[in-house]
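Think of it as A, B, C and D in the order they're written, each chain with its own count starting at 1.
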């Protein structure tokens, strides 16, 4: 059985989306900037119609949507674009569990003379609001807190954060790559000034995305050139990508409720089944979590081997293990919620999607315990980390 | 919370393209060509800017009885030239000089924002032609008196 | 008859390219970064195979290719990436006919304290090499000269410029968006350090492209994040886009010679036919020009009306007229080759492509004279710009 | 000028994925498990880093007659643990202690660059196990003398 359960990483494109995109490769291939002839106008129409879909999905106006190449570009544009504009404000507030596209951008800004405060989260991954308020300074240029975390699935109190930001006159950015199309978003109600969206997380094509830029919010562009997208993002528009993204988001919003309920049921079944494994637990918030996210830890297991074993059994999943990361660093998110490093290695993320069925969930519930057992068998640790635990305890005393 | 995907928002295509009406005027301009012995001429624009309009009028009894244009420029310039000749024909000079750039733009069902200067040109050309006529007439009556 | 002759603006995607892309939307949809499971490895393979194709097309090594979202991103990344790295070098040399993605990027860098020298071109659009050499300073960080101009099609002496740059130890960037796949490129022979490629100009999908970064050349990234593409361009790779781009470039190179000869014949036929129109002339270099580019001026005509009229006749073309540009500025390229503004307005660019036939060329040759005649008829100018010309002459005396 | 599109360049997949050989060792590890009363034990790594290897040897006549491992870690750690037990079994202690990380990596047909530290761990664990044996033996012979 082939079971893809890594939808937080990327998703297949919905066949209805591919169908909408197809005419824009070989027939309506015009450049939207060439609106003096028909084939260019067709492309322009497609782009603007998609803009309306994206705007409608989040209660924005079409003029507030800027198309990008994806979530990473969006986060960079929103954050650098704000930071580099106002020379007097040199402080940025983020949470300690942001995606790399926010974290690394802020690390770069630090090198450019910015100060960055990382607000801690509780053991469920929820941002500490009073710490957030305390972090605010006169020269705070931006607050950026993700809508939902891509690893543990925790949904942040965005409306409250939006209110805090707006009360303090600070621009508020949220990275909604994991939530758009999965949970309702209303940029007005949530007081959001800037928001990042990505297409390939919601059954749209890779290489597309958008940022919402509230009317009146100014940004320094990342790409200079022909002045496309209200001068905020030059470059020939990726018409099929934009069409596909708009369609995917529209479909996801239309089907959000029904699919969300279905996924929640599947997710809870998965969680119940997996937690029967000894020395395992669930990470992230028990209720305030993405309908499709299940995130576990298993003691004495290293995640990369677990993912490989799952792959041998046709199952695709993710882990926050250091061994699986290109930098050999264990997940900063799992550290932020207080997990010791040796436990971070044993993490498993299963994120559900449209094609997943109850049978698939049951298959995973059947296969995983055997994998865990086999790996624990190979491991020198079965009951505890033995001498290491005492050594660590010793270390901590210093 | 309400999921607002169903909100219907309409797109303002005039940001991107000409109205059908303007295209129609551009393709089939009325009153196009040079006029022999006009009573008044209005010339506006400059080839370096890409738009030049010549507007010719014939006046009888303070009324525009004939009007013609010659235009070097974009579709908006040609289309608004054509439409203003249609609007002005038969009007008294006082009526005609009240035509504004907005009247012109409305008459072609709107213009892309960056093309609004073309409707300004058209309205200015008409005003200049009327002025020219009045100046000449003034001179003539000066001569008579 | 529908005749698309704006291939310098964008091209339809080759059906063979679309076919190669298709599996990566719905079947092999994995994230290339997830190489621990099969569907991720498939995506990784596709990306790396495309990288080899792109590298081979320009005589580079695969590790020297960084995938981007298109030409504008590539130019921004190459130029800002170089400029922002070495704090001591604050001077950049470009030609006066660069694409907006280079020009506007340099304008932005000026605001950041850089000095930019624009080297003039001759009346054919060829960069003045001795002026280029004279412009070099101790603190010159970068020379950026495009391989061929997108408006008038002139091919620049890149090999000579490469030699000058390398003799002076200066990094050399060339924007090859119009040439890759159209004329041969060898980054070693041409001493190129950085080169921009765009997919949608050569029958590949929009939203894809690459930069060549010579081994040892360092860059500051534009996108920070997960560290994709050797840390130079973070963000989930646009797998179908990358696959399509690699395939398109490969096909274009394989068919370059034959198609180039065919296009040259068509182009010359078109030029001969069009130049029969009174008071018309060809812009750009008579020989050193792109095989698919024909660029004309017609006296007493404004380009936007001409393009619209062509559209009514089913023909898609481009112009450097101010009225057709979003900034209402006439083409800086046509000004740089010495055309007075009133003549710039009367420019027409016809750029040929794969589907164009002799019949289509003949159709354009038949239709265009009637359009020119009609527009000249509407215009107050038929023989000269009359009082304006003398007024201008007067002005020039001051 | 030569158009070099036809140049054939091969991709080094080991940047991205494990060799078939390593995967085979990971899936079917040899000599896996705890050893009762080993003559020497080598323990390397640390759970906080994600890799721990225990290597147990039984020695007879200066020769490794039995060898076992227990590993907590990634596929590379498990695979290289398995392969080094296969490589060392039957060798004299001197021969075995000459096994380098490169030997281990070569034996599994190469490792992704960022996984090379796993082959270091395996080689180190073997060396430590041999040292442990020699230390113990030294003590025993000390006692005897």
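Quick notes on this structure:
Basically, a residue touches a chain if its C-beta (ideal position, glycine included) is under 8 Å from a C-beta of that chain, and two chains touch if they have at least 3 such contacts.
Everything numeric here is computed off the predicted structure, so don't read it as measured data.
Where touching is counted per the definition, the chains common to chain A and chain C are B, D. Note: centroid distance chain C to chain D, computed from Cα atoms, is 54 Å.
One finds 87 Å separating the Cα centroids of chain B and chain D.
Inter-chain spacing, taken between the CA centroids of chain A and chain D, is 38 Å.
Annotation for chain C: residues 304, 308, 324, 326 touch two or more other chains.
Shown for chain D are the residues that touch two or more other chains, of which there are none.
In summary, the structure contains touching chain pairs A-B, A-C, A-D, B-C, C-D. Interface residues of chain C, counted against chain A in their complex, comprise 4, 6, 9-13, 15, 18, 25-27, 29-31, 33-34, 36-40, 69-73, 75-76, 99-101, 104-105, 107-108, 198, 200, 205-208, 222-227, 234-241, 304, 307-308, 310-311, 315-318, 324, 326-327.
Considering their complex, residues 35, 41, 44-45, 48-49, 51-53, 55-59, 61-62, 184, 186, 189, 250, 253-254, 256-257 of chain C touch chain D.
Taken together, the chain C residues at the contact with chain B in this complex read 300-302, 304-305, 308, 312, 321-324, 326, 328, 330, 340-342, 345, 377-381, 385, 388, 392. Listed in rising order, the residues of chain B touching chain A in the complex are 1-9, 11, 13, 16-17.
Those residues of chain D that touch chain A in the complex are listed here as 23, 26-27, 29, 32-34, 46-52, 54, 70-78, 114.
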